[in-house]
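Naming follows writing order (A, B, C and D), and every chain is counted from residue 1.
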Amino acid sequence: MIGYAFMGKAHSHAWRNVGSYFDVPAFEQKVLVGRNSAGAAAAAAKYGWADSSTDWRSVIRREDIDIVDICAPGFLHAEIAVAALAAGKHVLVEKPLANTLAEAESMAAAAREARAGGVQSMVGFNYRRVPALALARELIAEGRIGTVRHVRAAYLQDWLADPESPMSWRLKRETAGSGALGDIASHAIDQVLFLLRDHVTEVSGRTHTFTTHRPGTQGLEEVTVDDAAWATLTLASGAVASVEVSRVATGQKNSLKLEIYGDKGSLVFDLEDLNELRFLDATVPVREQGFRRILVNEPEHPYIDAWWPQGHILGWEHTFTHEIRDFLTAINSGAEPSPSFDDGLAVQRILAAVEESAAAKGALIQLASPVKSPAKSPVTEGA
Amino acid sequence: MIGYAFMGKAHSHAWRNVGSYFDVPAFEQKVLVGRNSAGAAAAAAKYGWADSSTDWRSVIRREDIDIVDICAPGFLHAEIAVAALAAGKHVLVEKPLANTLAEAESMAAAAREARAGGVQSMVGFNYRRVPALALARELIAEGRIGTVRHVRAAYLQDWLADPESPMSWRLKRETAGSGALGDIASHAIDQVLFLLRDHVTEVSGRTHTFTTHRPGTQGLEEVTVDDAAWATLTLASGAVASVEVSRVATGQKNSLKLEIYGDKGSLVFDLEDLNELRFLDATVPVREQGFRRILVNEPEHPYIDAWWPQGHILGWEHTFTHEIRDFLTAINSGAEPSPSFDDGLAVQRILAAVEESAAAKGALIQLASPVKSPAKSPVTEGA
Amino acid sequence: MIGYAFMGKAHSHAWRNVGSYFDVPAFEQKVLVGRNSAGAAAAAAKYGWADSSTDWRSVIRREDIDIVDICAPGFLHAEIAVAALAAGKHVLVEKPLANTLAEAESMAAAAREARAGGVQSMVGFNYRRVPALALARELIAEGRIGTVRHVRAAYLQDWLADPESPMSWRLKRETAGSGALGDIASHAIDQVLFLLRDHVTEVSGRTHTFTTHRPGTQGLEEVTVDDAAWATLTLASGAVASVEVSRVATGQKNSLKLEIYGDKGSLVFDLEDLNELRFLDATVPVREQGFRRILVNEPEHPYIDAWWPQGHILGWEHTFTHEIRDFLTAINSGAEPSPSFDDGLAVQRILAAVEESAAAKGALIQLASPVKSPAKSPVTEGA
Amino acid sequence: MIGYAFMGKAHSHAWRNVGSYFDVPAFEQKVLVGRNSAGAAAAAAKYGWADSSTDWRSVIRREDIDIVDICAPGFLHAEIAVAALAAGKHVLVEKPLANTLAEAESMAAAAREARAGGVQSMVGFNYRRVPALALARELIAEGRIGTVRHVRAAYLQDWLADPESPMSWRLKRETAGSGALGDIASHAIDQVLFLLRDHVTEVSGRTHTFTTHRPGTQGLEEVTVDDAAWATLTLASGAVASVEVSRVATGQKNSLKLEIYGDKGSLVFDLEDLNELRFLDATVPVREQGFRRILVNEPEHPYIDAWWPQGHILGWEHTFTHEIRDFLTAINSGAEPSPSFDDGLAVQRILAAVEESAAAKGALIQLASPVKSPAKSPVTEGA
């Protein structure tokens, strides 16, 4: 594993625990790679890795390494992933796939080539492994909400609500690529694609930076990424999705909100209540219709039979446990893990189109059909 | 109508508006009676009554009066009601039926006798006319939640939470009869009887006064009624109901909470969300079970087709509009209005048993079978 | 009053009841006007009007008429309102002000001229009189949420979710003007202006018709209005508002959702819970921050001291009671009622810009400054 | 660790992960003990234990063992715990402390004696380590809700709602001790003591078995434990707590509900939303009072700074991680871990009094003062 900050800590949790809950192939947590030698060594000890290193290049060449899990910052994704795939290692890379569309395209191409040789890859949109969202996808596929007309997707946070909170690398375009768009709109958009098994044909968007300057080490510095963004997406099916993301939505801590409206029913989800799914079945008599709060904690629900009895709620970190489980299972069976780098690329293209539309004052941007449909996921998650 | 304080204002609203929504027999708001001549006259003008009076005795003898609506304080209920029934007037009396069991019994006897002569009577448990609770009763009767095992009933308010709030007649046993028990436990207990169409065979109870002295006109005075009470009730069916009421539940403004657990489903209600009923149907597959929030605002719901399109919520005051509608409809058809004085008496007996048990340190009190079963309500409310 | 359908019934409720709760100048419900003589007569009797008529022109000339309340369909608003103002009658007109921008402009001009002569006018955006929204406006004005960054406004209904529900005049452009846009986006946009006391400078929008043909009397007919719309609005202050409306949001019955995010706090509202306002105060210590559910039912809240004790919730129809109260109070004091026809016109201009942008594939439309700032409302609602 | 069923799995999770989040003394997961040799070996491998055994007696004598974690069934607690303490091992035992009061008393006596020799012990009421409940306790101690008047505690589950669900050892008095009472009322009662730092002086109770016979291996067998129970508790402070527990509350999966009403505020909690605490501060102006939903996920909250950024919710299993952390920290510092066996004994005495009262038809049972006040916890949890 490369990287041991927030995502490295979360992925380590998953690697350390997946085997205690799921029947997965045997593996060892071999080596943790970081830029700082002492830091990497301490993190390796703390998070359950046998060894540590500061040289990812030598690690990915090691014979005893089969899998590379990339939790490094986004600008390093492409170089490491392409090299690791070339070295014949299966690769898991955190989302978003890359900071630029060009990088994402090179990664997707490398992944396609590697796959032909039996080397697997996956992008870490962990919210696909929230049991409630996996259930939502199943219900949609089963036709339980009928034809989807529109989706309201929002990802709201507030960690930049204070205009005095300081400048950081995340607020500069050269290091972060974009702001709320790449960081959290990527999740929201991936969910639209995941839940509807569809692709986007048209995009209109807008971005905004409410706090344009923040205190840096040399006085006020310019913020060069968005802190909020809005978009509408047309899907191939004709459905329309609105997407709204913000890092200044005071009081919203980590609220990925999804509302999916079909002609036979609806689904509503909020990541702050990640064990719950609201489902309205419009085919029951009107007299007894209403949004049901399903506590997605029953053995009948995706991933849950591995855990606790009903009503003992799961934490956010286990979305990664499920991700690793599905990744290992796919590798073992030779199936293509999902979401693929192509799925990650599809999200990047939509993000790029939002920025293009925003630069063109909201003009509608057409998107070409995806290289391959993300709808045909060979691995059924949580099965 | 006799009385023009809180309840008089609410009943007036109902009389003034019922004909604009429901097909009811024609009637006129003839005369409003109050102790204070000027006050009654002003209230009559404000609330839509043609005339006012300070003498209820002469009013109930008037030939042009057919119905007497008693909103006077509880200690006057028995005298007025018995006299009005004797004068051949149909009588609606606010809950609780009376301040003492003896008075309640005399009223119920008078009502039975009057009914034989075609003179009708009704006690104003207005929450039977909350559409969501009327729907709950229907669902239970249809077997949608199966056999009811237990009920959690609570009525929580906080208007006495401040220990400095002053002494009043409501806090003295001689004027108020009891505290939270008679005032709000009466509603909670009536709902248990109404929803389950059952009667109580055993009672265990406890009462408490948290603030024993309050500032009065002559310094600190003793509070001689309860400000909270707890009881468990055994029903003839074997179901058990817990009842908890409080006037010091800080932050709970007017929260009548009902939870009914059956072997095939459950229902949950809170008066602070009076347009909503939560319903869990345990006969659907576990994977999609959950409490549904039914917005009880559809034409298919009790009373609603008279009002607005879906989603336009009704206020608390219309529980009285529905009550008057049902009362007028019953009178017109010759049917027995529900809840009857016997129903009111059944509640009084349970309240008395709670006090008796509390005085006996929680000992279980047996109740005799009701004079007649409250289960056979000849009028289906809201039909 | 002209018109006795849904809005006529609701306005009648307000006229019939306002005097029972509020100190308003004396008035009489003189005459109800409708196209059908028998229907108007029956409605007049039912809703408390002394007389009825089929000829609005003669009615507005009557000496004993001082106020005209226009609940007729939108395409009649302009003609009636301009004539009534010219006849020296105070005019209340239901929202939206008119079906076309040209009509709205003529009405606003007439209203300005009439006002100079002491004749008042008002447009019926009744949700300004929801106590929770009036409280929200006060809190924003007091700086309790600081500088507003962005607003999420949505109005979701589902009465067209069923693709088989039939064609009606509301689904034809020539009769309805627009679809969800004029009908419900008008409310959402008015709230943005009302709450923020600001005006819109830039608009980008999109509209969509999910069900393009519906069964009519002669087979399938084309739906020529939108059933959903999306927009982003830039406000003069720099705030951005997203607006999303739909009539096919299955399970959402009448859900006007408003979320206002400032740098010191936030407010959240849903019309389906119209007695509640959620308020997050970001100036209290983080450890105890959270959205508070304020039950807007206390004497300290706008309009409430006229009603019931705390916790006895108000219904939707009383937004009109408050509206009539404020209208009468303004007329009596000579103050300008709010919202004015200019306020109604401001909303129409934004709606027109949404359609213009939608036709131009999302291009940003600039709006001129309003004739006068809607921010300076001379009447403080609910005071 | 002894036992590897539900609780063994959960405790293992905690031991395996605590060091990755908290600074705790170094330790090793040495040996897992179970009755079945193959089962214990497989569980040891899966859950991270170096070795396994079927002989707890030999294991607790091993020199390299310092801590014994008892997850065996309740009837084994006393024997193992007393032996382990005698062998000088620190002991953690799952709740409830024991199946009988006599056993609990012997354990508490052994723990007191061992403590004098520096050997520590703790009972595993893990819900004391829910961050939201630890925060609730802090707020109460700081006087934020003033003097507590009453508490509503309920623990509702539904896994026995189906009358056809089969007989098991949990439904027999000889193996299970009691039903819902020992299993879940113990948690609810411990929370009352924990949150209020108080002790109980008087108990009145009732128990019931709704389904008296269930299908067993030889036909219908008698259920000899309760499946629901009700109690009221008087606390030394004068506060009154109601407790209601059920295993047949259809639709309630694992709902420990706590409502604490003080004269200056209130707190509400539900285990099904374990990352949330509702707090009403009655000292702010009435106009802005309301229950705040605090997402207890901020670095300022108990235990949270070890985990993820705000809004990334924690799962149920981490209540054990926190428990192990506090246990290890106390051992290391020589402080007395909390809750002690005396705290566990206090709960047992209350449970016994509920049964005694139930047998005496609800009569009030007086409780002696506790051996030592549970209020003086030397370790502040989550500090």
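Keep in mind that, in the parts below, a residue touches a chain if its C-beta (ideal position, glycine included) is under 8 Å from a C-beta of that chain, and two chains touch if they have at least 3 such contacts.
All figures in this text were calculated on a predicted structure; none of them were measured in a lab.
Asker: Measuring between mean CA coordinates, which chain is farthest from chain B?
Answerer: Max centre-to-centre separation from chain B belongs to A.
Asker: With contacts counted as defined, which of the two, C-D or A-C, has more C-beta pairs across the interface?
Answerer: Taking the two pairs in turn, the one with more contacts turns out to be A-C.
Asker: Taking each chain's centre as the mean position of its Cα atoms, how many Å separate chain A from chain C?
Answerer: Computed from C-alpha means, the inter-chain centre distance equals 41 Å.
Asker: If you average the CA atoms of chain A and of chain D, how many Å lie between those two points?
Answerer: Spacing between the chain centres: roughly 36 Å.
Asker: Just curious, how far off is chain D from chain C if you go by their C-alpha centres, in Å?
Answerer: Centre separation, chain C to chain D: 54 Å.
Asker: Multi-chain contacts only, two chains or more: what residues does chain D have there?
Answerer: Touching at least two other chains: 252, 280, 289-291, 295.
Asker: Note which residues of chain B are touching chain A in the complex, please.
Answerer: Within the complex, chain B touches chain A at residues 135, 139, 277-281, 285-295, 298, 300-301.
Asker: Could you please specify the touching residues of chain B with respect to chain C in the complex?
Answerer: Within the complex, chain B contacts chain C at residues 6, 9-10, 12-13, 16-17, 19-20, 46-48, 157, 159, 252-255, 271-275, 295, 297, 308-318.
Asker: Can you name the residues of chain C that touch chain A in the complex?
Answerer: 145, 149-150, 152, 154, 158, 161-163, 204, 206, 208, 210, 228, 230, 232, 238, 240, 242, 244, 246, 248-252, 259, 261-266, 280, 282, 289-291, 357, 361-364
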